[in-house]
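Here come two complexes built around subunit A, the first alongside subunit B, the second alongside subunit C.
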Partner chain A sequence: MNTKYFKQIWAHLRQDPVVSIISVLGTALSIFLIMLVVMLQQVKVAPFSPESNRSRILYAQYISISNKKWGDGSSNGPMDVKIAKELYKSLKTPEAVTIYSVCTIPAVISIPNSGTITTDALLTDADFWHVFDFRFIKGKPYDQVSFDAAIPSIVMAESMARQLFGNIDIIGKNVEFNYTSYRIVGIVKDVSTLASTAYAQVWVPYTTTSYINNIWCEVGGSFSTAILARSRKDFSAIRTECNQQLAISNKKLSEKGYKILSRNRPYDQEKKTITYGANIEPDINADHRQKIIIFIILLLVPAINLSSMTQSRLRRRIAEIGIRRAFGSTRSKLLKNIITESFIVSLLAGIIGLIFCFAFAYLGTDILFAQPYQSTFCQPTIDTSILMQPATFLYALGFCFVLNLLSSLIPAWRASRINIVNALNGKIK
Partner chain B sequence: MNKKLFTQIKNEWHSNLWIMAELLLVSVIMWFIVDYIYVKVSIYEQPRGFDISHCYLLDIDKLSEKSPNYNANLKEETDEVNELINRLQRYPEIEAVSLSHWSYPYDGSNSNCNIACDTMKNDDYIYKRIITPDFFRVFQYRGTRGETPEQLAAMLKNNTFIASGNIFKQKYNIKFSSLIGKQFHFDGDTTTALKLAAAYLPVKYTDYEEAYSAKSVAFLLEKKDQNSKNELCIRVRAKEDKNFIPKLWKDCSKQLRIGNIYISQIRSFSDIRHNYQQIETNDMRNYLFGMGFLLLNIFFGLLGTFWFRTQQRRGEIALFKALGSTQASIFIRLLSEGILLLAIITVPAVIIDWNLAHAELNQAMNGTTLAAPRFIFTIMITFLLIALMIVAGNWFPARKAMKIQPAEALHEE
Partner chain C sequence: MITLTGINKIYRTREIETQALENVNLEVNKGEFLSIMGPSGCGKSTLLNIMGLLDTPTNGTITINGTSTEKMKDRTLAEFRNRMIGFVFQSFHLINSLNVIDNVELPLTYRKISAKESRHLAEEVLQKVGLSHRMHHMPSELSGGQCQRVAIARAIVGDPEIILADEPTGNLDSKMGTEVMDILHRLNKEEGRTIIMVTHNEEQAKQTSRTIRFFDGRQVE
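Showing the complex of A and B:
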């Protein structure tokens, strides 16, 4: 590979500007859309603060229960703290287990001599701060002792603190949270709504609220559980342990005719992102199938286009190919040459597509990343730590490669099979 | 002219292979998308059966028992909730206030029930709406016999119920209003019965659900069951609905705090609707993006292919001109070539589309995925959209071709 290569490519591109622009734009468009699909998935599964541990967390968002009397019927929803402790907090394998309210709840917050405002509050335990890595600007989270003692403490997002006080030097001050006085213990950097589990504007210990009293069907309540494993390798061990706990709990519940349905919980991050109802187990295979179909369409349609153009272009270079062959270039070498040439162009187009993709992600965040079934009205925010994932670039490179192979393999193969004499004469057949 | 063109396409089928493969693939996918959008738009346009304009949801919450402000002497939450409703009703801006359980529009939570009258009973999912009578006034439900929301509200008592008029329609093909006055049993319990007082027009679960399959029954939310976990919905008079949330919010920490109960959030129903239907909005966005992508590809493909083709056919075009073709006829000939290609591949495309619909892989509407008018309409729209792109992509090369100077081109030959 040397500069002659690039010079030649550049000369070819300039020879027919219209067709060159079309091929580059076609490739860029394809990579742009493919990378949008990849990015939409990345924001759901890629690690970023405060959900940097996504890859080793298992979630039990909901619980499902049935009763002998109900026939096939079941009741599904968030769980009660007591059963969450019994089923998950008791596990030995995980690094940490946290119990938190299933979604943010609207809460009223105020300071003396100012109006009240509504805020998104998440009710958590002390281990929450271990499972999720918040960036504390001031202070620190509430600990196990103050959680157990139900001391009214509150952690606040930076923007919320500024909205209330105008500054963030407020550790130790009090706010009225749901008309009850809470002591501010920590200020964290704002969290994007894309951190679907950890997002809130304020966080308080659930022991200080009355949500723990909201119980339905013995085990239902208002809470979810996240289990932080030491590594993904522990997932199967954790699941086995979960099933053992479930059997024990079900034995106790059977006296009243109840039975907890497992629905293969807990789920990993990817499966959690496609969980839209508490009453069905999400079908991860169907989701994968759907994504593969989308990728095939996004690759195949432009590939046909590009193939057609590559072929027409090679047809013009037929004499050149003849000379190369006459001077001893083997078919495989020629094939490799043509594919490499077009890969360089694809790569260039891919970079353009990726730049457009990033630009679109920043400018069209609301349209692109609005997540379904959220309890908050806050719009998602995006920053480089969320978007610039190493995996994203690898995906882009991979898709460029595949697209190039799809679009140049057939024409290159055909060009390399042309009879030398015919090729020198400029004849195609 | 067209016969000649057809023969030419036949003779040059080899060079048309790429573009025809692409057209076929795009045509099928485009039809799928057009069909999806057609279904979604048609369903969206069906009457919803309720009206959320000027409606708000008030979230009520209760002080924690651990709060020093908590008043443990207050036992009956119902009284506090009712006092809150009374105070809200005194606002001149507010038209109606209702309490309900898992009932307001665009709420994902629901419960269902089974319903039976004589030997008739339902097979499908019937949503249970447990409401105070004014719920009809807040969301403007209307009766199938022309009852106003006020009349419906007056008819809902503790020994009656009201249901959507389509409950027995598909199964028994009878109007539900013909059963008014009859006793019904619920969930297989034959010891208690409620009298059907009226039927209302079908109420959709969301904008994208068909009225056809949205069936519901409304029961009275009795006083003893009213508490702070219920949903408090209000309708504001249209003329007064300006800056309403901040105005009401000012009173929330004082006049509207009753005993241990307070309002934690006020949301307009248009916001709730927007949030709840985000998944549909996202799907629609994805399909529209996909459609744009396919159309642009057709544009690029045609532009590229015909760009080469006019260069290769310089001699041929010059010959046409020399034999008396006008510039316009050359232009039209090239455009028709693209359209004709599309027409040819539309035949296999329609067969594939028909099979897709027959296999029920597309969206269902009115209980079917394959209805003649819908199928023909979506095929036509697909053809038209792709044809437009073909003309756009072909325009540039065709114009170039018609400017060819016959003498020069033939001289080169």
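Showing the complex of A and C:
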């Protein structure tokens, strides 16, 4: 492609500035809306620190249990540490498995001679720091030994440390966490609430808390499990292994009339994001269908409008079409030219739309990403590492392409069919 | 070079049926400068468009350089137009959003040819028509005579054997018309191109090697 293309496009855009601006902005707006939808999904599935391994993590957030005595009923919720270890920690295929509290827990934290602050605390094991890639600014995570020994250690987000101490040179100092003294072992970069699993303001070993004693229905508790596979290819092997393990556990439980329902757990990142309850398995196909319908509507409506604009623009260039054909353009070459030209314009509009979208994500983060079922002390925050996902740009490019095809294919095809002499004479038919 | 046999062209619209050409048989020889005359509406443009493969006859056959064009597909037709024929129209038909040199290069964009060579060829033909100094102007900045010279440059840049000119001086005053005619004569004499030109001007017709006359879709002379 050469500059001639761009020069001509520019000349055409300038010929009728009002129509050009409307159609470029129209395209930009549709790409903006589509990309908002994409982005809402992207923050849930795209990798960013500390959830950089999202693509190779399997989650067992909940457990479901039934009992002979209950008929069809089942009990669903987070699981006990013991069953989590039995079902998942025992697996051979994964790279690492972590057990952590199902959600953040409101906790109070204080240092001597100051007031208390309420924080979001996550209770974890030592492998948690392997599965998730936190950025440690100071110190390091608590290790397996201190976890096993239930030594009260705490990892803190930078902003929390600054709020408490005014600085972050505090490794080895003590804080009161829920009225117990904990030693600060590490400071990490703040985590956005959009990292829905790893987010917290402070992290402590669950062995140091009483939540491990909260057990219901034999296997229910307060914890979830995340399994880090070496690669996605291992997912099916891990699932097979999970099912074998489940059968063993169920055999033991059957003595008391209990049975764990698998509900096809564990789930990958995408399926996890559409899990709204522990008592049903999310339907990924229905979710895809729903999203496709949304995208079709978001694309089709502007495409129809843009199509008529492309049509009227081509009508004004009818003689040019005749000239090009007279000097040797084939129909298909003409079609290609028109579509390429309008694709360049769509791409320009798409870039504008994407910029709008990023700007909106920054400025309207809390409106856009407010998570309805999540109650955290922090607002969601967004940064370039979350937004600048290669996949986002590919989606934008793809949608531009589809939108352009939808809006220019029919007008371009018609233009390429016009009788040459008529076109030269400025007649449409 | 071009042989037309039994050409009929009927335009059908909802209301009327116009027989624009009626049993036209014509042989154009290589290197000829043929002029076509006749009153307006007698079918001259229709004939030229059919010869230039821009339109198809209702019946009859066209043979160019011994090749029948009857069953040609879009691709081959486009290739033929591109390689064999250069058009010059009464109203110039330059692309307004392209500058002079880009307009001239148009036929070459449909060939496999490097950008550098294409530019070089375009510069060469612009020199021939005396417009090297207007290369980067837009068509709207040129006079009618200059536009028509650009159009001639475009018609010959691809080195076609045949030039079809439909009233090339129709929109020009006599001075500019003479300039254009001089160029056409040079292309015919010096480069041996076959030229078929529609004209209303008896003087111009006299200077060509042969003149045929049309009346009401029929060749009368």
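The criterion applied here is as follows: the second predicted complex is superposed on the first by the 427 of 429 C-alpha atoms of A that agree within 3 Å, B and C clash if a C-alpha of one lies under 4 Å from a C-alpha of the other, contacts with A are read in each partner's own complex, and residues count from 1 in each chain.
Here is the rule we go by: a contact is a pair of C-beta atoms (placed from the backbone, for glycine too) under 8 Å apart; a residue touches a chain by one contact, two chains touch by 3 or more.
Owing to the predicted nature of the structure, the values given are computational and were not obtained by experimental measurement.
J.: In the superposed arrangement, which partner chain does A:11 touch: subunit B (first), subunit C (second), both, or neither?
T.: The second partner, subunit C, only.
J.: Who wins on subunit A residues touched, subunit B or subunit C?
T.: Looking at subunit A, the partner in contact with more of its residues is B.
J.: Have a look at where A:106 lands relative to subunit B and subunit C in the superposition and call it first, second, both or neither.
T.: The answer is first: A:106 touches subunit B but not subunit C.
J.: A:180 contacts which: subunit B (first), subunit C (second), both, neither?
T.: first
J.: One more residue to check, A:330. First (subunit B), second (subunit C), both or neither?
T.: Once the two structures are laid over each other on A, A:330 reaches subunit C alone.
J.: Examine A:118 and indicate which partner it touches, taking first as subunit B and second as subunit C; both and neither are also allowed.
T.: first
J.: From the superposed pair, tell me which subunit A residues show up as contacts to subunit B and also as contacts to subunit C.
T.: none
J.: Give every residue of subunit A touching subunit B within the complex, in rising order.
T.: Touching subunit B: residues 16, 18-19, 22-23, 25-26, 29-30, 33, 36, 105-108, 110, 115-116, 118, 150, 152, 178-181, 208-210, 214, 276, 297-298, 300-302, 304-305, 307-309, 311-312, 367, 370-374, 377 of subunit A.
J.: Quick one: which bits of subunit A touch subunit C in the complex? Just the residue numbers, please.
T.: Against subunit C, the touching part of subunit A is residues 2, 4, 7-8, 11-12, 15, 319-320, 322-333, 419-421, 424.
J.: Flag every residue of subunit B that touches subunit A in the complex, lowest number first.
T.: Residue list for subunit B touching subunit A: 18-19, 21-22, 25-26, 29, 59, 61-69, 108, 229, 249-250, 252-253, 257, 262-267, 271, 275-276, 278-279, 281-282, 285, 289-290, 293-294, 296-297, 300-301, 303-305, 307-308, 396.
J.: Quick check on the complex: what are the subunit C residues that touch subunit A?
T.: Counting only subunit C, the residues touching subunit A are 49, 52, 54-55, 74-75, 78-79, 81-83, 87, 89, 93-99, 102, 106-107, 109-111, 115, 154, 158.
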